[in-house]
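Here you go, one structure.
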């Protein structure tokens, strides 16, 4: 079997954060892969919602995006934004949101709108779509972002979707939902301190040095005493990802490994 | 009253009735059921100063923006999925601060819902404590307010209703009255379609009313809301239309190769839009019958 | 052919108020009959909406009520309150509402909630259901009420659905829609003065004396100089009503002739 | 979480979990898809001090009120259509001022919609300048407010969201997860079902999930919202269930003959509800297989 790729570690780690029976709003790409993997392993009764209006997609072919009809296959309900994001997410019954981002900061705020280069030139990307809605309302949020100083900065180029803005509580921010619970990167799994909401290292992926993690993180990262090593994907995880969920390396391919 | 005897029109006839400066809402989402046939004709007729609104922007809006027809965009985000960003829209956002009013998927949907319900505002808990809200406060200060719920004391954001001048939605099936049924996910199609002052449906297939009556629970848009029906098979190409055809991946890549740079975009417009007189000519140019057969949906899969 | 019944005159008169192509929210009973009659005669493109979630019912058998599945037959859309009453009526696109009532007053306000006997004892009936919504929002409203002093009083026992309350304009009342345009009884057709909103006689049914109309009206009725005689239903109207729309005299039967 | 492995329960099991004083929302409308099986069991288990809400009240609520289980009714109006008024409910209204909070069909629906959307209020232009509003101001002053729209200055009534403790809805078809599809008109079923803290579906037919997946556009209630599924054919008798059976006119007349007078209503309850141990026994008592065959819906008509 080929060497385990960083994307596979990320997806498997995110998948393990999802518990059986939970209701999950899931974005495209690695979040969708994590959700599909969880469903085929430890969480067969997980409910996946796509903002576009799809419940329990059971894609046979890897969808290229939320709007790809491959994502409608064998769904148990095909409805609308209003149903998924209004009558479920805004209603407060969504347990988890899984989101990718251009940038995440040390309080789990994310940017999916634009990037700034060193000269301050702005380049726009997707904007919020369902991201702000999910971050504002899901009971907890799992973020999946590639790990480098630029993508995990101290200050975001644009705060699209709030976590614990400036370390404040969700109540203080007038937000519902519990905010971010995990930030999963290709180097580590990061949590948020229950009191200070500060990013706190949970585990480092195998073969990654702690110093590398610290070095490539732009925000202040709390390092507790009991940092673990992230569990590798199981052989079955790898088989599912490689043979069934993303056989063409649309999301897991090394060069395409962007969230 | 949207109830003439003959509602089936050509897209050219419909687009002729749209004044410059109109607020148009399009029903596409990224690369699915985009109002391509409408965007193309708007470009052929060189409409200008349009306001465009859409939940998750896609190819239909990107085309219009690239062709310079749009002075304001009200949107919740968007991309062409894995084929790339909406380059034309993003360039407009980069060069003209405040050109777009950016919300989220749900908040745009709620704005349409309010419009469709005939209420001028609706509360939400989205956007709070975000830079999305900061920017709206800066660029669209008349469209949002904060308010405490008089019953619970909880703080809400009030969104102003959206009521476009004309809405377009691409559907799989409609009858000659406009009774329309949509297969697959519907995103904000229903709320958007019912929010506008005028509504035009573009349909893959024109069916007898008896077909609608077999399954009237599936009628998302009743005919009396529809001013005109444009019958155009493959009208959403190169975006997908569930149960009818898949997106055309090759053409989407070709599009992005042109849209990536301001300089190359006019080549696309000249060749595929201004260079064709209608959608049938366009379809021939992009591969005709053989290519449409290539992307035709398989029965069980729907793509 | 049997003698024309008062209910048939009422239904035909109400039907003639509906124009082809209009969008009508219609209550059960005589309003539904009027709407069906209009559709089968001069207004084939009339759109009928039932609050329960039915568009263009083409009932084969007379429904006993809005909730009767007979009312779902050959509909072009079966949806919901929210669609019919929210996305259509509240949206402001409904041209006409046709309503029955226990009582109507001289400003076209109606009561569908309760009646009071002379000792002041209260007896409840249906309440508003879609009545208040329709009266508050339709561009114009046609009322169908049996004509006697008790049912057309000066003061309602309960103002369920507003017309021109105390003669005030719809704007002053914070209401949308144009308010009542016609009050059709088994004796006369009554309109409302565009300025004062006061009930104003339009036509008296054949064989009914003007004095009888005045005598059996509890509120002040303006009598202009040009009062006409209400047109009788055509033979085709009568055939349709008797043979197709209500062959069992569910609504048109003399004893059951209540709106 | 509404996601146990086995969600199919008996009505007795479900009703045992409802505390006295609960706010229950029922999904019937007059004489169509009434939650008869639920009302019967609530009466058998002698629940008390219930708050009942429903858009247009019908037989299911009238039964509960007649049997004395209900301390408060939140409703938009209602009757048993041409079979008569809801006598039990009307008697309660006549004898206890303020016992019912009376709205209209749409305003109850909007209150459920607000609950289902997780917003604590929603604006409307209904009820203005009516005695319906006067009475709400008197008897439910904490549930309504007037407000000017901050964008247009127009005056609105704000309705407080309704969030029942438990909602019941009778559907034609559900799978073992609770994915439910409704045929015919749906009145406020969707908004009501999604507004509650708990949701229980009563279904005529239990189908494999594969059947749901054939037509997922028809899924009005997705399974993850459903805590329990009660499988009870003819569970809405004597009210109608479109595509399955017509209302039972004879039994409705019999019901109204009993409900008309306070004195005769207990005879109905004793014989048909307390005198039967479950819905199968009740169905036998009201005519059994032969009578159910009599009212069974014809294929094309659906009634």
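By written order: A, B, C and D. Residues from 1 in each chain.
In the analysis below, contacts are C-beta pairs under 8 Å (C-beta built on N, C-alpha and C of every residue); 3 or more make two chains touch, one makes a residue touch a chain.
Just so it is clear, the model here is predicted, and its values are computed rather than measured.
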Contact-richer chain pair (by C-beta pairs counted) among B-C and C-D: C-D
Averaged-CA centre spacing for the pair subunit C and subunit B, given as whole angstrom: 40
Centroid distance [mean C-alpha coordinates] between subunit C and subunit A, Å: 58
Interchain centroid distance [CA atoms averaged], subunit B/subunit D, Å: 38
Centroid distance [mean C-alpha coordinates] between subunit D and subunit C, Å: 28
Touching two or more other chains - residues of subunit A: 78-79, 86, 90, 137, 176
Multi-chain contact sites of subunit B, meaning residues that touch two or more partners: 118-119, 124-125, 183-184, 186, 190, 217
Chain-level touch network, classified as line, ring, star, complete or other: other
Which chain pairs touch, all of them: A-B, A-D, B-C, B-D, C-D
Complex contact set, residues of subunit C against subunit B: 21-23, 45, 47, 55, 74-79, 86-88, 90-93, 95, 137, 176
For the subunit C and subunit D complex, residues of the former touching the latter: 28, 50-54, 60-61, 64-70, 72-73, 78-82, 85-86, 89-90, 112-114, 122-133, 136-137, 156, 158-162, 165, 173-176, 250
Subunit A partner contacts - residues on subunit D that touch it in the complex: 1, 3, 5, 116-119, 175, 177, 179, 190, 194, 209, 212-213, 216-217, 219, 222-225
Contact footprint of subunit A on subunit B as seen in their complex: 29-32, 55-56, 58, 75-79, 81-83, 85, 89-90, 93-94, 102-107, 109-110, 113, 124-132, 155, 183-191, 240, 242, 246-247, 297, 301-303
Interface residues, subunit B side, partner subunit D - complex: 118-125, 142-143, 145, 147, 149-152, 154, 156, 158, 160-161, 182-184, 186, 217-218
